[in-house]
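Going in written order, the chains are labelled A, B, C, D, E and F, and every chain counts its residues from 1.
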Amino acid sequence: MTRFDGRNNEELRNIKVTKDFTMYADGSVLIESGNTRVLCTAMVEDKVPPFLRGQGKGWVTAEYNMLPSATQVRKQREMSRGKADGRNVEIQRLIGRTLRSVVDLDRLGERTLWVDCDVLQADGGTRTAAITGAFIALMEALHKLVERGALEKIPVKTQVAAVSVGVVDGEAMLDLCYVEDSAAEVDMNIVMTAHGEIIEIQGTGEERPFTKEEFSRLMELAELGIRQLVDIQRQELSHVEF
Amino acid sequence: MTRFDGRNNEELRNIKVTKDFTMYADGSVLIESGNTRVLCTAMVEDKVPPFLRGQGKGWVTAEYNMLPSATQVRKQREMSRGKADGRNVEIQRLIGRTLRSVVDLDRLGERTLWVDCDVLQADGGTRTAAITGAFIALMEALHKLVERGALEKIPVKTQVAAVSVGVVDGEAMLDLCYVEDSAAEVDMNIVMTAHGEIIEIQGTGEERPFTKEEFSRLMELAELGIRQLVDIQRQELSHVEF
Amino acid sequence: MTRFDGRNNEELRNIKVTKDFTMYADGSVLIESGNTRVLCTAMVEDKVPPFLRGQGKGWVTAEYNMLPSATQVRKQREMSRGKADGRNVEIQRLIGRTLRSVVDLDRLGERTLWVDCDVLQADGGTRTAAITGAFIALMEALHKLVERGALEKIPVKTQVAAVSVGVVDGEAMLDLCYVEDSAAEVDMNIVMTAHGEIIEIQGTGEERPFTKEEFSRLMELAELGIRQLVDIQRQELSHVEF
Amino acid sequence: MTRFDGRNNEELRNIKVTKDFTMYADGSVLIESGNTRVLCTAMVEDKVPPFLRGQGKGWVTAEYNMLPSATQVRKQREMSRGKADGRNVEIQRLIGRTLRSVVDLDRLGERTLWVDCDVLQADGGTRTAAITGAFIALMEALHKLVERGALEKIPVKTQVAAVSVGVVDGEAMLDLCYVEDSAAEVDMNIVMTAHGEIIEIQGTGEERPFTKEEFSRLMELAELGIRQLVDIQRQELSHVEF
Amino acid sequence: MTRFDGRNNEELRNIKVTKDFTMYADGSVLIESGNTRVLCTAMVEDKVPPFLRGQGKGWVTAEYNMLPSATQVRKQREMSRGKADGRNVEIQRLIGRTLRSVVDLDRLGERTLWVDCDVLQADGGTRTAAITGAFIALMEALHKLVERGALEKIPVKTQVAAVSVGVVDGEAMLDLCYVEDSAAEVDMNIVMTAHGEIIEIQGTGEERPFTKEEFSRLMELAELGIRQLVDIQRQELSHVEF
Amino acid sequence: MTRFDGRNNEELRNIKVTKDFTMYADGSVLIESGNTRVLCTAMVEDKVPPFLRGQGKGWVTAEYNMLPSATQVRKQREMSRGKADGRNVEIQRLIGRTLRSVVDLDRLGERTLWVDCDVLQADGGTRTAAITGAFIALMEALHKLVERGALEKIPVKTQVAAVSVGVVDGEAMLDLCYVEDSAAEVDMNIVMTAHGEIIEIQGTGEERPFTKEEFSRLMELAELGIRQLVDIQRQELSHVEF
């Protein structure tokens, strides 16, 4: 069966990575996955949050937000609503956790990596695009630290990328766009390393519970997608040794 | 190997359910899982949020919080911090999503079920205990609606319960207490129906990524636990037909 | 005349005190007065607020809140309303002031006692039950400090308890439950020591002003009630020397 | 014994009332009690809060605040602190409750009286000056409603005024200024009607508990003061019939 | 043509300056411009904000607010609205910037001057009256620092005053009152030194764009007004050398 | 004299306008002025704020914000700081006022135009670039309304653009970049129509007051710049009739 946008069920959308999209952040990556566009930046600060001070360890913190114009119906700014958006909070916790799990915080030294993922255009899969792009931005920032001698080696254990999968109209599909996501019976976000190990799984039966068989099929699709995303990252980071 | 508290790896903690723990809520359940204690209440309001008005559909909303004295180190109230706690936000979104997935909102009618999960004592697994207990509280509240003729039948499709599993010191374990949770390499929360179908999976490699084999073992343990939890729910709800 | 719940006008509701109701707080007391149930906890922190630092003095601070399910109509959380509840603010100021007036802050040393009063079920008189229970929780916490040698002697000058009184249908009554409180013409909360001295009086003519004669009668009733509450405290604290 | 500022223990400070202090409010009164200066205004709005709509009843609401420059040490604005000041909250609840107790809300009609008490200079007794002055401002505003035919008669049952009393250095005193208030062992605010009936008593043993004998002496002093305040109000309101 | 209140187009409203209007602030000035009344106070604090610490420099910070009763329709307090008022923010930034531009922060030493402008009555031109009055209050406060030997000389470079001008019904006018301001096609606030140099211009075509010729005419009027305001300031500050 | 980036004093930076930069907003324009990059979007909503309802008039509202990575030092999000940024507030008020002054709100009908200006990269002049770009975005959005027949004609009176000018090292310059802006003695933002009429002037003597001669020179430069900006707008909007 052909999907909404002509893809088959095992196909990712086109991925486009633009490095140095902006000029001030140490790492600045625009990642596009079909119509989804996320600006991922990483900035280094030479201090850590209070709870880590004096331990010689570093920290990685992430924030995620959408521009008001990123969605079909204008999204009110958090500041205008007067309170944090629950979905944003959940996603930025996920991104932060993911990145911290592959960075060796001891080797990072007393530094904070501020990772910002700002969605310029949202067509489904913004959180997974954010993770995949944020990893590149973070590597770029760390690479600069190595280049200027502040670090000897990049303190990252392994590559990490993410993708969404789901069941729509009874069919398991890779990389849902917004229309598919809205209609999905089951929706899952998977974060994996370059070695096919799992860092995070978040699966939700939106419309109905799902079986272990469906789960297995979704995991297969996710692996398929992540293998390609990891390759793309590797090409973009060919100049970086780690 | 024996665990911290004498259990083996496949063993749940003692579950104790006290119904009608408080008197005003339509459903009021204190669920205890070892030292974890969560008060789950469900209250019916005869109106729905603005976005659902006039559609004849109902809504289920959940809030989750901890008392300041529920933890070893006093937890500051959100109001004193001046902002919502990210973890709370994430958990109450999970509970709400879970309950909505088993309630037939069309059959509920223009009503909101307010489900509150307040943690009186936290020794790990508060979110999964909250889900397991909240389901009972919700059923009690719906049962009252049926008894007083407001509903003909309980609009719930299936039972739902949740449990945590994890890998600690290389061993996969069921139902982690706080000490185990803090040391876990991998940590997973599973929400399932009475039929062993998955409603939500949230798995995190806290200390390291994990393999699909580990994942499968954790799923087995989770199923084992949830089967028992579902039985306990069924006993507590033996007076309720659905 | 017999009251709503069968009591005569000079009668307290049944008081039940459960110590060690939860396990982490240094003092943890569930106090029940009829259907009113308040969890009072005291936790010791080894530092003081900025304005007291370096003076060798301690501090006692109190917070008061209700669970959303504690009342007949669900009470919205402060965090969801986005601002503090005026009534809560007023009550926690009262509890803090009361406890500080009987603790010798100089002898306490540079420590803060965090007292939390969380209402699990509200049937009138929650603030006075909170004070009566909080005193026990605070004593338990201080007793632990003495037991582990951190303090030589409990730095408390005298016992303190509180009760509500009021005029309903022209009759002065002790310890109003919610139904009585809602109908009260005059409503008064009295905080007293074991020696019958006054720590705080808050009297309000809800429906009409009141005379000094009424006031005197209410004071008599309050003393009657507080004498019994102080006795109950003494029994619960028989193991504590001060 | 002579007091700090030359008064004897039974003496009020000089009271000065300036009506029409500002031009837009329906009632605008600057009340000065010694160095304490509070601007009390009353403004009429032709609607009521949602909970009263359609009942034909009115409402009185009060707000209390201090200018940053009103105190010896600059007081930070609530907006800059980012949260409401507990003391302000407590005081505005007191003022609102007091005024509502003497206004016949049924006769007021579907109107809200907004009473604002803004302290220009604070030398003790600001809340009691606020009440005494607010009553005059409220009467002025109601008088205008009568004059323009919107009300037939002023819907106020009785006059109300307030004063502070306290025990300083063992001596009971009327109307404490800031220096006395800071040193007070016992501190009490009394709100009374023109007939010597009590509307509100708030007594606190700041430094120590107090006896019933002390309480009685303080009540006597309060009555003495309030009788004079009520006279002053009557003179200021000689043009108003009620 | 004669204006609403009898003035001609080149005429300021009556200015009245009351020094020492309140007693605690180091400088306390009530400035009245027709019916507009602003209390301007300056208080000295012997420390600076974090970003200036240890540099030997001082700081001037301003806050601006209106009492709820200052306007014809009651103005809700920022705290009740739950967020800062955009107009207030803009004005207090203007006042702070203006005062900092004439104070020699290096000579001020590590001190903060807190300038508060609280509008008691608003009939147009509150921000410009605030600036003109705040300068006097600030000078008074600095004069006290000199008198008690904390400063050798007043660290102020030049006098500063402000006035509004505008085009109403096609006529350029000086010092708009509220009725004129509401009807203005063009509205401009000018801040100038005693030497006729510009510190700040804020001009807005409210109803329509305006020409350079109109702009020039408005500047002439503004200069005319500011020259008189500077004279008034000089008389009020005749005892201060700078 | 040659400037920092090789321009002469009368020269604008390169302007680049990318229309349809994102796909959901009715108008979406990326405007680049040298290294400054602002995404300006306009979205139409078919209702108006409460204060305008039922009057048949429309509204234009603007919001302005910077991405955290837009500046050399990461800019904390407003939501994390917990309060609005004063500078943002001031700028969004300016943009809204400017756009409303050229839109005929009566002809717009009961619609709100939401204009969002999000700075992706900030190198000085972000507010003026925002205005110049927002005008194009707004026109694009109105053009779509005309195309689908919702409006007969574009309800805009005239073009509007903005530019900054300033005095740096004694030299008057057009279109300051960040380095120049930081060193500017005088800083001015001018908003003008296509006919050289003034809509808004905001001039500040940052380091010192400035003379009328300097002001005139700055105005000349501003006109020079705005004429070019208006031409660029006209080219970009050649398909739009108004």
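Assume a contact is a pair of C-beta atoms (placed from the backbone, for glycine too) under 8 Å apart; a residue touches a chain by one contact, two chains touch by 3 or more.
All figures in this text were calculated on a predicted structure; none of them were measured in a lab.
When the contact pairs of D-E are matched by residue number across A-F, A-B or C-D, over half of them reappear in A-F.
Centroid distances from chain B, each centroid being the mean of CA atoms, peak for E. Averaging Cα coordinates per chain places chain E and chain F 28 Å apart. In this assembly, the C-alpha centroid of chain A lies 51 Å from the C-alpha centroid of chain E. For chain B, residues touching at least two other chains, in rising order: 82-84. Starting at chain A and proceeding toward chain B, the closed ring of contacting chains reads A, B, C, D, E, F. Within the complex, the chain C residues that touch chain D are 83-84, 86-87, 89-90, 92-93, 97, 101, 158, 188, 192-193, 195-212, 215, 219. The touching residues of chain D, when paired with chain E in their complex, are 22-25, 28, 35, 37, 39, 41, 43, 45, 63, 65, 67-72, 74, 77-80, 84, 114, 116, 118, 120-121.
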